Each structure stands twice: as C-alpha cells, then as structure tokens.
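Heads up, the thing below is written out as structure tokens.
Labels A, B, C and D are assigned to the chains in the order they are written; within every chain, residues are numbered from 1.
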C-alpha cells in the first residue's frame, strides 16, 4: 500500500454511495480506526462527529440527495495526527459558501460546518489533485 | 454507485493493507453492515468469522505476510443474501491447495478454510474478471 | 432510532433512543412535531441517544420553535454525554431547557 | 487482547480477554506456552474473550499439546459464547477439557 505522503500510513479507504443509511457504518469504522490510531476516547468521538457532518454535507449539498453519488473516505495516520480525506465527484463547490450560520441565530440547520471547524485541527476544502469533484482534508492531532 | 449485478446493491467497498492490525477494523465494519443488511445476530457474527479468516489467509498465504499487499473487500446485498468479494493482487493461488486439514488430525492451524466453507452458503475462489490477483466470492443467505 | 411516547398527566414524554442522524432525523422531527402539536408540555428523554448529529439537533430546534409559537412547554431530560457534547458545540445547551431527570422535568412542567 | 496470570496453589490461571486474532495470537501463544512450561496445571479463562479466530485457536492447540507432552493439566474455563462457537466449528470442544467455572476447573485440577 503506498504511503500517503511524508510518513503517513493509510489505515483504510472506504468507498460508499451517498446514502444516509451508510453514515452509521462510517461512524463505526472511524471510531475503531481513531482508537487504534492512538486518539483518546473523547477525541475519537469528536472525530466521528466531524466525519459524519462532512459526509452528510456531501450527501445533502454536493450530491443534492442523489444516492448514486460516490464518496471515498481515506483515513491515514502520521506520527502525531490522523489525516482524513473525503472525496466526492460532484460539481465543484463554491468554497466561499461553505460556512455555518451565525450561532446566535437559532434555527434548524447551519451547524455541520461549525462542528467540523471546531472539532478538527485543520479542515480545508480543495479541488482534488486529479480528476473532478471536491476534496475535504481534515487533520486531528493525537494527544 | 453502480449496481453489482442483477439487483445487488453495494453497501461499501473497503481497501486496506495486508496488516494483521486491520482485521479488527474489518470485523467491526462487517458486523455493522451485516446487521443493517438484515442478517440476524448469530448469522452476522458467523459472517464476521468467515471474512476474518478469508482476510487472514490473504495476509498470510497470498501476500506471505508482506504488509504492502492491497486487499479490497466489497460488501453487497441482494434481496435475499449478502455477497462479499475479497480481492487481492498477489500471484494466482493454486485453488486445489486451498483446503482445511482433516479435523481429526489435531494440530495448530488448518482451520480457516473449514470455517469459511462451513459458515458461508457459497465460497468460490476465482481469478478476478479483470486484472491480476485472486477473488474470493462469499454468499450468505438472509433469514 | 427507536421512540416511545408516554403520557403523564398533562405532559407528553417522548423517549428517543439509538442514533438520531441524517437517516433517522426525519422520524425524530415527525414524532416531536406531533407531540408539540397536541398542545401539551413535551419532555424529550435523550438518555438512550448514543449519537445525535446536526440534522438530529435541527429536529429538536424545529420542535422547540413550534412549542414556543404555541407557548407550550418543551424541555430535554436526561441528556446523554454524547448528545450533550453536540448541544454544547451548537451552543444550544443554554437555549434549550434541560433537566437532569424526568422527575425534575415533570415537576417543572 | 489483555492477559493476566494468577497463581492458585498448584494451578496457574491465565485470564485472556479481548480479541485473540491474527494480530494478538502470537502474544496468546507466548503467554500460554510460558504457563505450560512451568509444569503446573493451567486453566485458561476465556470469559472475557469477545472474539477468537483460527490463529487464536492454534495457540490454544499448541499449548494443549505442549501440556500433554509433559503430562500436565490443561483446561479451558468460562468459555464465552463467541469463543465456544469457534471451538465447536473446529470440533475442538470435544478435544479440550472445558469447565463452566474457575471453581469447577480448580476442583478438577
């Protein structure tokens, strides 16, 4: 298995369709991988929240609910962090528009990106290095 | 996401390196997917055993312990069964040699393939349709 | 997610359990809005909720706002550690009325 | 997998817990062979073993055979449901001596 870059070791790569019922699978897998990567229990659970929200946004916004959409989640570990890459093949997103609502403006929705930015040490949306679609890179430091 | 064939729906596809420490991840994911596919609890656990043994054999025999080996597990569901495909990219295996020891000849080892054949309704080793490597197709009926 | 509605005098207790995620949030939303629609005070028991995500939180917010419109009571009780983490992240722990136990919730209703 | 060795009179109790899989079987093998190597009767407590696969079973078989060679006692106790399923599949439930409880194991040792 090729190393991701630097000294990153790929733990797994999961491909799944953009269906809400797959999120439970993703959460279960990410929780286990986070623990085996050395994240403490609460950080592992926080990582799960961020990944769930990121997948949810791909399902709802990138693919607009189309369950034919394909999502790839890569989970890698470096010496001091876990690095997750979430890839979709939807039209290029307008990164400027990816932001949470004002938290004081209480209404349903608008929280997912806030959770992601709050829980991850790094979260960057970019077009993928090759091919179409979007890539969200999320980093959480260990310890 | 393309349908596998007939009416099979792909639940997930997991790619991981041939390392023993990934088996726990695989078991966790397969157990959850089995349950969501409608397998009862004991069948789900039996499926986990078969998949674990199959992965283990790829790690130990197909890749001879080389952790650079790549394994792909596809988990699909049809109306009445789950269909798992385990793919490796190792040299073509001699299918004739893939068989358990005589169960009465008590010694360490030689049980994995017995578990697989006993626990699955169907288990067939074939070269993959395209590319090199080996493909083990396992079917477990639901209900 | 599973749900169960109990009636205790003038109060409806909606016991949600399991995961309230993108798949299950529509059910949670429907259950909660139906409870609020009856005009009684509603207590939402979250003790058995292992996981709730932003879409689950959205269904709570919607029910909360519907209850405010009709000036009926709406509170969360026995919020699990996992659910509380998410409510805190959303800074909704200060917005919702939250009781530690059903008894405390009933007393305040 | 975790392990703990307890000494009770002439008997060693090896308590294994967690998953005994391809990753952990070498540790289980080492622990069990060291116990058997001391020449005492060995009881292997499998109550906390959630999962054991063929490589874990192989380490049990190896320790069992080592014990037979030196004619010392070797038995499994409190085998979890999951572990028993695998032993039955391997038809080793009739080969190993298996006791329901540690007490029964100690009595027979």
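Assume contacts are C-beta pairs under 8 Å (C-beta built on N, C-alpha and C of every residue); 3 or more make two chains touch, one makes a residue touch a chain.
Quick caveat: nothing in here was measured; it's all calculated off a predicted structure.
**Student:** When the centre of a chain is set as the mean of its C-alpha atoms, what distance in Å lies between chain B and chain C?
**Tutor:** Distance between chain centres, rounded to whole Å: 42 Å.
**Student:** With chain centres defined as C-alpha means, what is the inter-centre distance between chain A and chain B in Å?
**Tutor:** So the centre of chain A lies 27 Å away from the centre of chain B.
**Student:** Hey, how far is the Cα centre of chain A from the one of chain D, in Å?
**Tutor:** So the centre of chain A lies 42 Å away from the centre of chain D.
**Student:** Touching two or more other chains, which residues of chain C qualify?
**Tutor:** Expected reply: no residues.
**Student:** Please output the residue numbers of chain A that touch at least 2 other chains, ranges allowed.
**Tutor:** 21, 24
**Student:** Could you draw the chains as nodes, link the ones that touch, and say if you get a line, ring, star, complete or other?
**Tutor:** line
**Student:** Judged by the touch rule stated earlier, which pairs of chains are there in contact?
**Tutor:** The list of touching pairs comes to A-B, A-C, B-D.
**Student:** Can you tell me which positions in chain C touch chain A when the two form their complex?
**Tutor:** Against chain A, the touching part of chain C is residues 19, 21-23, 51, 53-55, 57-59, 61-62, 65, 82, 85-86, 89-92, 95.
**Student:** Under the definition above, what is the set of chain B residues touching chain A in their complex?
**Tutor:** 1, 10-18, 21-22, 24-25, 28-29, 32-33, 36, 67-70
**Student:** Once bound in the complex, which stretches of chain A touch chain C?
**Tutor:** 20-21, 23-24, 27, 45-46, 48-49, 52-53, 56, 59-60, 103, 106-109, 111-112, 114-115, 118-119
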